[in-house]
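Letters A, B, C and D name the chains as they come in the text, with residue numbers starting at 1 for each one.
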Amino acid sequence: MGAVFDCTRLLEETVREHRKFAERGQVASYIPELKKADPKMAGVALMTPRGLFEAGDTDVYFTLQSISKVLSLLVALEQRGIESVFAKVGSEPTGDSFNSIVKLETSEQKPLNPMINAGAIAVCSLIPGASVDERFSHIADLLERILGRPIDIDESVYKSEAETGHRNRALAYFLKDINGLEGDVGEVLDLYFRQCSILVNCADLARIGMFLAAKGIGEAGFPIVSANAVRLVSTFMVTCGMYNGSGEFAIQVGIPAKSGVSGGILGVVPGQYGVATFGPALDRKGNSVVGISMLRRLSEVLDFSIF
Amino acid sequence: MGAVFDCTRLLEETVREHRKFAERGQVASYIPELKKADPKMAGVALMTPRGLFEAGDTDVYFTLQSISKVLSLLVALEQRGIESVFAKVGSEPTGDSFNSIVKLETSEQKPLNPMINAGAIAVCSLIPGASVDERFSHIADLLERILGRPIDIDESVYKSEAETGHRNRALAYFLKDINGLEGDVGEVLDLYFRQCSILVNCADLARIGMFLAAKGIGEAGFPIVSANAVRLVSTFMVTCGMYNGSGEFAIQVGIPAKSGVSGGILGVVPGQYGVATFGPALDRKGNSVVGISMLRRLSEVLDFSIF
Amino acid sequence: MGAVFDCTRLLEETVREHRKFAERGQVASYIPELKKADPKMAGVALMTPRGLFEAGDTDVYFTLQSISKVLSLLVALEQRGIESVFAKVGSEPTGDSFNSIVKLETSEQKPLNPMINAGAIAVCSLIPGASVDERFSHIADLLERILGRPIDIDESVYKSEAETGHRNRALAYFLKDINGLEGDVGEVLDLYFRQCSILVNCADLARIGMFLAAKGIGEAGFPIVSANAVRLVSTFMVTCGMYNGSGEFAIQVGIPAKSGVSGGILGVVPGQYGVATFGPALDRKGNSVVGISMLRRLSEVLDFSIF
Amino acid sequence: MGAVFDCTRLLEETVREHRKFAERGQVASYIPELKKADPKMAGVALMTPRGLFEAGDTDVYFTLQSISKVLSLLVALEQRGIESVFAKVGSEPTGDSFNSIVKLETSEQKPLNPMINAGAIAVCSLIPGASVDERFSHIADLLERILGRPIDIDESVYKSEAETGHRNRALAYFLKDINGLEGDVGEVLDLYFRQCSILVNCADLARIGMFLAAKGIGEAGFPIVSANAVRLVSTFMVTCGMYNGSGEFAIQVGIPAKSGVSGGILGVVPGQYGVATFGPALDRKGNSVVGISMLRRLSEVLDFSIF
């Protein structure tokens, strides 16, 4: 990577050239609140040891959605241990969509991995706490330590999801039926909807990416989570982080990444830097069209791929 | 069919010879209350224009469970019309088990038929009423008119199902997500669990069978529901009434029938009589082992089959 | 049923009113030879103890296709016995399409029933004979005895299927892999393609229907196959004869029937008469649009339904 | 990695400690010839710029089986181009087993990726040539250039597969039916069975691994295939190389790898070296039990993981 001004210019050019691809996708419609997003928005940020570089709509706040699965998985791994987690979720990628229920019935009767909705709900059920507030504080604390600022949730998105998340409720009750969800279904879903509603911007995502690239070391230079948990989560981000588009993303971009249906993508260039994009128009697999397009470009220029 | 004493003797012999097959099955375990049933019980009843014949444990009350699907489908057809019903459920049999969720995702996005759980829950959502009580009264009224007596529900089975019916909740929320369930999910499930908990005995089931055999004419000689609704329901009982054992049952017994996981089977010999069996030990498809065995025997002797 | 001239007039009116519905369907395209059929053709025939009544394109010859499954199942049941047959095929209807392979892998590892392609191929493998010619002669003999005339196959359809029947080959090899097909895969498929290519017209199908309605008694008054085999086959025709449209057909028409993708439908009104239709335009489940439409009409007028 | 003697000792210890885990698996049984392998065999080899290190049964020859998919994919990518290849196969991992046919019907109607059997057969169909011999020579040539020696196939394994490979025939005909296989089905399968029957030993696999680790540069220092094709194939090896055990392998070992049912595993430590194991006892997903166990150990000691 070249000098400072080069990097910013690269990001600006990237946003300028790729913003138009938004028209190939559609803003998420299944959570009513998400429909309000402007599909034309596009932002990109790079967090490096030398500092933050950004371009485009990087000051816009959006909800984490599925990107939160990375955080709760880290919490569950740290608080409950690897064995407890893998007693409830598998570690295999799947060709099915992120909210599919089929494999729960036909397969091994546990979610194939922690990055699909069913798996993430199972992981949420493992986060300890006497109340939803207490459970949520583990996730919030982790994120606040990474970002170095207090975090908040988008109340209207949270309510919207809680009211309309029928598919997620179906997944949770199915898990309960097959002994795949600890505790109360309503509480676990509440926790899941809250973590999905955490507000971040593109720069925040790049900071999370840098934290993972540094194997769990925070900006202050101290470890926040264990390197082993980070390695596990990074591996899942490669094999299943982009839903059932993970295989193609591995080929085209080649880094651990996690997308959310609000349009964010969190990327990790191991040992080097964090990279993040924002663009609310999604392809039919649920990944940001502009985001993937920009990351492909950056991967070519900056030689991202770990493969 | 021969003289009165012959019929009773046939039924008594049938119970005596077939009761032992209970050991080939198991009492339903997924609703905790149902586990308490004595697997050795066996009863059979025949309701004919000449009166009721019965043998074995015919005075034991048990809950309708899936047999209630016949009643709510009749109510929905009468109150909402054929088109409204078939907008929400299909009319095809399925090779999948009664509580399967797979086809909701992979197939036409509505339950394949009203005899599987997902379809029956969708049908319940169509029964009109400002409250669950009002909705339930339609089903109760129909059954009370058929039986000529007030009916009741088993409160402990009802509570047991409401607490543990996670799979049915999963089905209901999935339906809600695909726009397949009208109104409030909790209310619809409450109605479904109530109808499943209605108490009957073997003789009651035989009376329901006679009512269907008479194309909807009650014992007093007046029509209670339309002949067309009865024909539709009878057809479903042939193609899907015995879950994914319906095809084999059609071959071996050959009459419209509906089983429930508490061990009852409601049978219809069109234009002739109603026949019912009771025996709580189930095969792995959820049908009474002793019941099917007795009905096969009776079908041979009395030449039941409509085929 | 009224006087002779009434019946013919009813059939003529039926053809006249329903022929136009052909435009709602499409001629089968997956066997190249079948594409040549004129979608506007429509014919109907009724074979009764009083003789044959017919209207429309009843002199047009077409290939049996799936209707041949009825004949080979009768042969297999008579020659090999019920147990041998059901060791290789199940007896349950399915919500999947006629050429689906999914359930072979996910389900009980045998075809769900003998009316889907996989099941019919398994049944063909059971027909005895030292050569394909010898095996085929059993099927041909049965049909010749029913029709009282020599039969023939359409060589170009036969060749067309043999060359392009890749899906059927896939099904056959899958069966071989799960030990569900006796003997040589190529020979069994050859037999299957030959039986599918047998030439009949609408009147022939009505004669087959009458033979089944008479429980296996031929026109000469002597039994050709056992009543029990006919009852079994008739039951399958109700639960699975119209592919994954069987449930709807049971509701709308209500008789044992078997359709073929060349446009024929063979119907049985048990104890009364045979009924057959022809119309090459198919709905998306593979059943003749005009055929089903005419049978619905006739079922209303002549009160066909066995339910 | 330490001095030469250390490496050999590490490999020897690894074989000694892990050989016993063979008892947790079973030798592949679906190809009759493979059943003859001794489950107790265990070998490991490391090919580095400094030379080859090996321990255990590394002189035993076995057939490539699925490891050959790596070679034919390289040939197809080089000869036909990326677009032609991805027109016939997808790039997504799958939770289904390597010989599953389900997704071909329910999903996007092309194999999910080139590492499952269906995908590899589709890839074989893309390898150009006027005859099977000519097509096969492309694969053989590539391998001979990598290994620097003439290669051979195991005729009895080849014949055994050709005679009993019914499931692969089913997959191939299904592909043909959905327009997913170019040319003649029999020829393509012949090619597939031949590539599966190529004989190698553990050291050979380590050499292939080194060749991939060096991004396509052969031992003589010249490029044999393009770096981009190697990157693509390496990515597939991570996301789908170990069948539906790829996700767990990524977590536990963390390198591009490809297993075969004869017991070999080909591993790549990008930019560093090739690593290979041999052990015929397989887990239920089809991967060598001893091989995975040894690779986990080596990954811990040598810090293999790319994540």
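Just so it is clear, contacts are C-beta pairs under 8 Å (C-beta built on N, C-alpha and C of every residue); 3 or more make two chains touch, one makes a residue touch a chain.
Since the model is a prediction, treat every value here as computed from it, not as a measurement.
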item	value
Pair joined by more contacting C-beta pairs (A-B or B-C)	B-C
Mean-CA-position distance for chain C and chain A (Å)	54
Where chain A and chain B are represented by their mean Cα positions, the distance between them in whole Å	47
Distance between the centres, which are taken as Cα means, of chain C and chain B, whole angstrom	32
Where chain C touches two or more other chains, by residue	106
Pairwise touch network: line, ring, star, complete, or other	ring
List of chain A residues in touch with chain B within their complex	100-102, 104-106, 166-167, 169-174, 176-177, 185
In the complex with chain B, residue positions of chain C that touch it	90-96, 103, 107, 112-113, 231-232, 234-236, 238-240, 244-248, 250-251, 254, 256, 270, 305-307
